[in-house]
Each structure stands twice: as C-alpha cells, then as structure tokens.
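Look at the two complexes coming up: subunit A is in both, with subunit B in one and subunit C in the other.
Here is the complex of A and B:
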C-alpha cells in the first residue's frame, strides 16, 4: 500500500463517521515494514495534482508515525507547472519518493476512534469488517 | 468558416462509436461538430472543424477511429476523384501550402481489395505537382487514397471499388492501444477480465483525463484500472475478494500489469474492501468512477454482515490465544448475499456524492435477451443518464450506462431498486398472461 493511500483511508465502521478521529488511521511504525520502489517514474505534474487533493496535516502525522519527521507543517506552495524552480522540483521529487515510491508491505493501522485494527498483507490493505461492526 | 475533414472509423461497436466521438469532442471543448452526416452504416464521416489542431485533439484518443484526414475529394472512379479534387474551392491553396514538404502516399481499403498498380495510381496525381522529396520514413505529409468496396459475400471482399476518397493525414486514432492492452499479452488476468477495446472505449466515454483520479469499486483483475491508467489518470480500485486483487504472486498481479505497460506511476492501490462499507474518506473527490459491478450470475454479490445474525450473537467476544478473534491478522469476516438492484442504488448514490459536478460515472450492466422483460435503467435525481450503449451477444447483452453528475439542483427522475423490481415483476406478469392466451 502506497504511502499516499494512507491519506485516503478512514475507518470503514460507519458509526465512526460521526467522529473526527476516524481519519487518518493511526500507524505503529514499529509494526510496519516499509519498502521503496525507485523504478516508479517521476512525473512532476502528477505530484502537483496529488498535492492539491491531500490532507496535509494527515500526511505529516502519518509520516511521523512511520518515522519521518522532516515534513514542513504547512503544505508546500508551488508555482505553476511551467514556472517550477529548482527548489520546487526538489520538493516534488521528495514527495514522489514519499507518496508513490514508498509503500507499506506488511503492517497494521488502527482507528483512533473505535480502535479497530486493519492489516496490510503483502502490500494490500484489508478493510473488511466483522459482522458486529458491519 | 471551418475546413472539411474526413473520419475513417472502424465498422464495429456501432452503439459506442458516436458516444465516443461526442465524449472526446466535449472533453476537448469542441462544441461545433455537426453529426448530420454521421451514419452507423458507414465508416466514413465528413465533418467541418476549425483547424488541424482541433482535429488532432479530437481523434488522438479515439479507439474506434482509424484516422482523420483533411478532405481533398472523392469519386466513384479515379477520373471522378481527380475532377473532384481539382474542383474543390480549397484545391489551389492546399496544393501550394504543402508543395515543398516531404511526403508519401498511403493506401487504405475498406471491405475489399483491388489489384492496382499503386505506382501508376500515384502517378495519376501528377497534377498536384508536389516538389518535396518522397520519404517513406517520417515524411511531413502523408496523402491517403481510400478505396471502398461492396463485399462479394460475408467473408469475401470486393475487387472493384465503388468509391474513392483522398485526403491528407492529420491524426491516427488510438487503435494501437487495443494491441498494447490485448488480454492475450497481459501478465495477470482472470475470468472476469474485460477485453481491451471496449474497456478503453468505456474510459473515453467516461472522459478519464490525465492527472485526475479514477476509482473502480469492483476492480477484480483491474481491467478498468489499466484503461484509466492508459489515459493518464491516477487509478485506485477495491474488491471484496482479496484473491482477485492479490493475483498470483509478486510478478503476476495488477501492479505487474502496470509495470509491463510502463505506467506504474499511475497505479495507486487496490484495497480489499466492501464497496458498501467504504473506507475512502468522504471528502475525497473522484473525477471518474468506471466499473463492471458483479452481476450475480458468474460471481455472487456479497456484502459484509451475517446472513444468519442469530448464529453470530456474542461471537465478537471469542478469543484466540488471549486476543479477540476478530482483531487477528488471519480473521476472515463473514459475508451475506445482496441484490444487484440495491448495489446499483448504492453506486449511484456514491457517485452523486463523490464526483465533481460534470464528473462521469460509467458502468456495465448485463441484461438477458431471451426473457421478455423490459430492462429498467437505474436513475438518480442528481445524475443525468447520458448514454446507454448496448453490446449484443447471442443470448444476452450488456450495456454501458454513463451518467453525468449534475448536482442537487438537477432534480431528475429517481427509481430505487425496489421500484425497478416491481416494474420487472409487472412485465413478467403480463408476459405470462399473454402466453397463456395463446
């Protein structure tokens, strides 16, 4: 599961929709095995589109939980696609590495509201629920 | 005034062809296309456009178009063709404009094959007086002579053309994608995989755009993810059946398909998830939703929950090795059957919430031909039903339904699954009635 996907997943339990704690799911860094696939191509425009849609606070929080404390507190502000500076490109490259090239191979994530645990096995997150939570 | 162009399309999937052309025109903001000359009976379509750039935009993604040409003339025989070319109001201007460009001649034949001396044919165009060099590789201009025939029988093409067209090539369609994504050459596929051609056409009609987000809630082996990726979207899928999306090991799964196609950066993830217990945060916008929901025929429709809830009372307290069983990594949740009508209601409601205004939902729905039952298309008050394209097979058919999210103000017709099944029931009732009269 790509790091970026952590920014899209909330708890599946519908009762948790009434809480503000159902997103992002919380990650225990010590239980997550991270891998990097540097063969995935870098497309700056793509990352710019993605930045528009991410919840930056959740990005920072999950990155910290997984052991990366280097992200700025505020979402990076970049120029237009045509007017990207060297610095902008460096930021985009870093985010490409984090969002798309970094993934969780094995691990677990937990709802901050109800405490339900979801597992990631062989890179695929499992968001299914037991009958009493469905 | 615009210029005349000639489209040369494939003569298959006719119920999809115009929808694809309209959707691509709309995608590129081309509003002026007049379909009066369009006919399902012909692969040719003469149309006026502003300029070559517009023609290129329109056709470069088209799966069902072979090419678009700047129109130079037509005739029932070569003499007529030459006269037609020389009598066009734009003849002198076109001739001058490209006179010094490198060029070559190309030939296309529709429904037949004449035995021509192609060199002689080229020489008969001598009056064009091109001064540029002939170049077989990467010429600046390609002039194409298309001949059309009436086939002798279903399997035998004609030999004497009934019509000739001549034009300057502007843009090929995207037919090579049909080859590239051919299922025969795909590393990971399964019984539910959807053929390349119509999955690409679906993505065009759904207007999948580069740099946008596309979601397939019933991803299976990922055929629609691949099609969306081809058109440059970031794609994400889910399926309740983990075995489908897991594939057959690290080098035979959905991710490896994307690797093979050189489009890994467009594939985000596939999730093991019940669409009706959705974990994608509710403020995440998907520009397009494209899928092939379970039919309940080949694969059953299941959602999370117990079929027989009594049996599961208190099960949440079961522990294994001091751990709650349902929190263990190896826990397998139970599922219960669900109806297609309810699932489609859920899908339409979900689309109305997650798509931006103007965003498209496209999905395939099977229908039986032999049963004399009218098919009721699901409708939602916020969604405009834009297309209903049918693909016929012997005993059944399936249709691509395409909706545009118009938002709350749209106030269109709604029919919930319950209403649809009553309608079906009523039809069945009367069918039986008629039969007993015989």
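Here is the complex of A and C:
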C-alpha cells in the first residue's frame, strides 16, 4: 500500500463516521515494514496535483508515525510548473519519494476513535470488519 | 477500439470477464472525452468489486481519464479478487509505473468521505434470495457467489452504493454503474433523479438472455 493511499482510508466502523478521529488511521511505525518502489517516474506536475488534493495534516501525522519528521507543518506553496525553482524541485522529489515510492508492505493501522486494528499483509490493507462490527 | 486486457484467473474463485464486463469497458471508452473535459488535477479512480481486475487494468492501460494524473484504487471484499486485480495489472504491464493499490474492503465503508472522482461498479446484479455472507476462511468455495448474487431484484448491493453515493463521490465526482433489466434500472434512475442526481444512459446491449446497461451518475 502506497503512502499516498493512507490519505484515502478511514475506519470502516459506521459509528466512527460521527467522529473526527476515524481519519487518518494511526500507524504503529515499529510494526510497519516499508519498501521502496522506484519504477514510478518522478513527475513534478503530478506531485503538485497530489499536494493540492491531500489532507496535509494527515500526511504529516502519518509520516511522523512512520518515522519521517522532515515535513513542514503547512502545505508547501508552489507556483506554476514552469516557474519551479531548484528548491521547489527538491521538495517535490522528496514528496515523490514519500507519497509514491514508499509503500507499507506489512503492518497495522488503528482507528483513533474505536481502536479497531486493521492489518496490511503483502502490501494489501484489509478493511473488512468481523461480523459483530459489520 | 481500445485494446482489452489479457486476463488469466482461476474462475472457480474469480468472476470470469463476460458480456457485462465488456459493456462497461465499451462505456468507459465512449466516455473518455467527457472525463478529460470534466477533470483537471489529480483524479482518483476507484473500482468496487474489480474481480479479475479487467476494468481497472483497462483504465490504466489506456490512461483513462488523464494518463499521468490518475491514481487507481480497487476495493473488493474477496481476498482472491484483490490478488487477481494486481496479477491482471502485472500481466498487462500496468503494475510498474502506475499508482495502483488494491484494498480488501466492503464497498466504500473504509474510504474517506468525498474523495472518489470516478467510481466504477459492475455489481453482483443477479436477483437471488439473499446476498451471501462473507466467508470466514479464504479457502471457502463461496467467494464467487458474492460476485454474482445481488439479493432482491439483484439490487441490494447496488442500492447500498447508491444510498451512499453522496458521501463517496468528490464534489465533481461521477459513477459508472452496470445494471441488468431485472434491476429495473429506469425506475432506479428515476428515484435517483428525484434525489437530485443527473443520470445518463451510456451503453445498452442485449447479451444473450440478459439486457445490460451502464448508467452515469453525477451531480446536477
């Protein structure tokens, strides 16, 4: 599961939909095995679109849980693709590495509201609930 | 005509791509122009119940809707289907270089609200006494039934998605859903229109004894 996908998942328990704590799921860094996939080419425009789209606070939080404390607290503000400086490109490369190249191969994630734990096995998160919670 | 992905799966466990799957591909091919017009920026394409993965792979292979700016998420209840979807992507060289993840889950219940830009759904639409229970073990032989049996009028699973469409789709989001005639799609479409949705028939075809259609749902 790519790091970016953590920005699109929430707890499956319907009662947690009334809480603000069902997203993002909380990752236990010590139990997560991360891998790098270098087959996806760096595309600055794509990463800029990702930045536009994501919930940045959730990105920062999950990155910290997985051991990356280097992200700025506020969403980076970049101009147009044509006007990118070298510093901007460095920021975008770092985010490409984090969002797209970094995957969680094995691990677990927990709802901050109800505490339910979801497992990631062989790169696939399982968000199904046991019958008594479904 | 756009190429159709190669698929090799164990069809005792995975729904074998059939007329319904191909109708959905044809509908999406037809919709390319509409989708390119509709979106700019990042597009999250999400398929519920990908089964073999043929539809999601088709989207990746043909860079629909907007080549390098799309990310793909395929959600299936079956552990066999989430694996098959990745294998089909790989078989068609669509795994490398693409932002694709598969998730084992129940429709949109594990997805953050209002994020899906393009939803694809070829549901279990066959009228049946009930929707099968989710098997407890991966080795259960009943996983395939979940891909077919749709309960009363074959609409039980589809109706769940329609009822939650407003919280699944992004503001500009659009859903493509397949129906058979026994689902009474025109009636379903009318009910959704009354709730404020815009519904368009994209494809319609007689396939053997079934009449299949693909509808597009978007906000007015």
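Here is the rule we use: the second predicted complex is superposed on the first by the 134 of 134 C-alpha atoms of A that agree within 3 Å, B and C clash if a C-alpha of one lies under 4 Å from a C-alpha of the other, contacts with A are read in each partner's own complex, and residues count from 1 in each chain.
Going forward, a residue touches a chain if its C-beta (ideal position, glycine included) is under 8 Å from a C-beta of that chain, and two chains touch if they have at least 3 such contacts.
These figures come from a predicted structure and were not determined experimentally.
> Putting subunit B and subunit C on the same copy of subunit A, do they fit or clash?
clash
> For A:40, select first, second, both or neither according to whether it touches subunit B, subunit C, the two together, or no partner.
A:40 sits against subunit B and subunit C alike.
> Taking the superposition on A as described, I'd like to know which of subunit B and subunit C A:56 touches: first, second, both or neither.
Touch partners of A:56: none, neither subunit B nor subunit C.
> Which touches a greater number of subunit A residues, subunit B or subunit C?
B
> A:117 in the overlay: touching subunit B, subunit C, both, or neither? Say first, second, both or neither.
In the superposition, A:117 contacts subunit B only.
> Taking the superposition as given, does A:128 touch the first partner, subunit B, the second, subunit C, both, or neither?
In the superposed model, A:128 contacts both subunit B and subunit C.
> Common interface residues of subunit A with subunit B and subunit C?
In subunit A, residues 1-2, 4-5, 8-12, 14, 17, 23, 39-41, 43, 45-46, 49-50, 53, 55, 100, 118, 124-129, 131, 134 are touched by subunit B and also by subunit C.
> Taking the touch rule as given, give the residues of subunit C at its contact with subunit A in the complex, in rising order.
For this pair, the touching residues of subunit C are 41-42, 44, 68-69, 71, 73, 77, 79, 82-83, 86, 96-99, 101-106, 109-113, 115, 133-134.
> Can you tell me which positions in subunit B touch subunit A when the two form their complex?
These residues of subunit B touch subunit A: 211-213, 234, 236, 238, 240, 242, 245-246, 255, 259, 262, 264-266, 268-274, 277-282, 284-285, 303-306, 309, 312, 315-316, 326-327, 329, 331, 333-334.
> Which of the residues in subunit A come into contact with subunit C in the complex?
1-2, 4-5, 7-12, 14, 17, 23, 39-41, 43, 45-46, 49-50, 52-53, 55, 100, 118, 124-129, 131, 134
> Show which residues of subunit A lie in contact with subunit B when the two form their complex.
Residue list for subunit A touching subunit B: 1-2, 4-5, 8-14, 17, 23, 37, 39-43, 45-46, 49-50, 53, 55, 100, 108, 116-119, 121-134.
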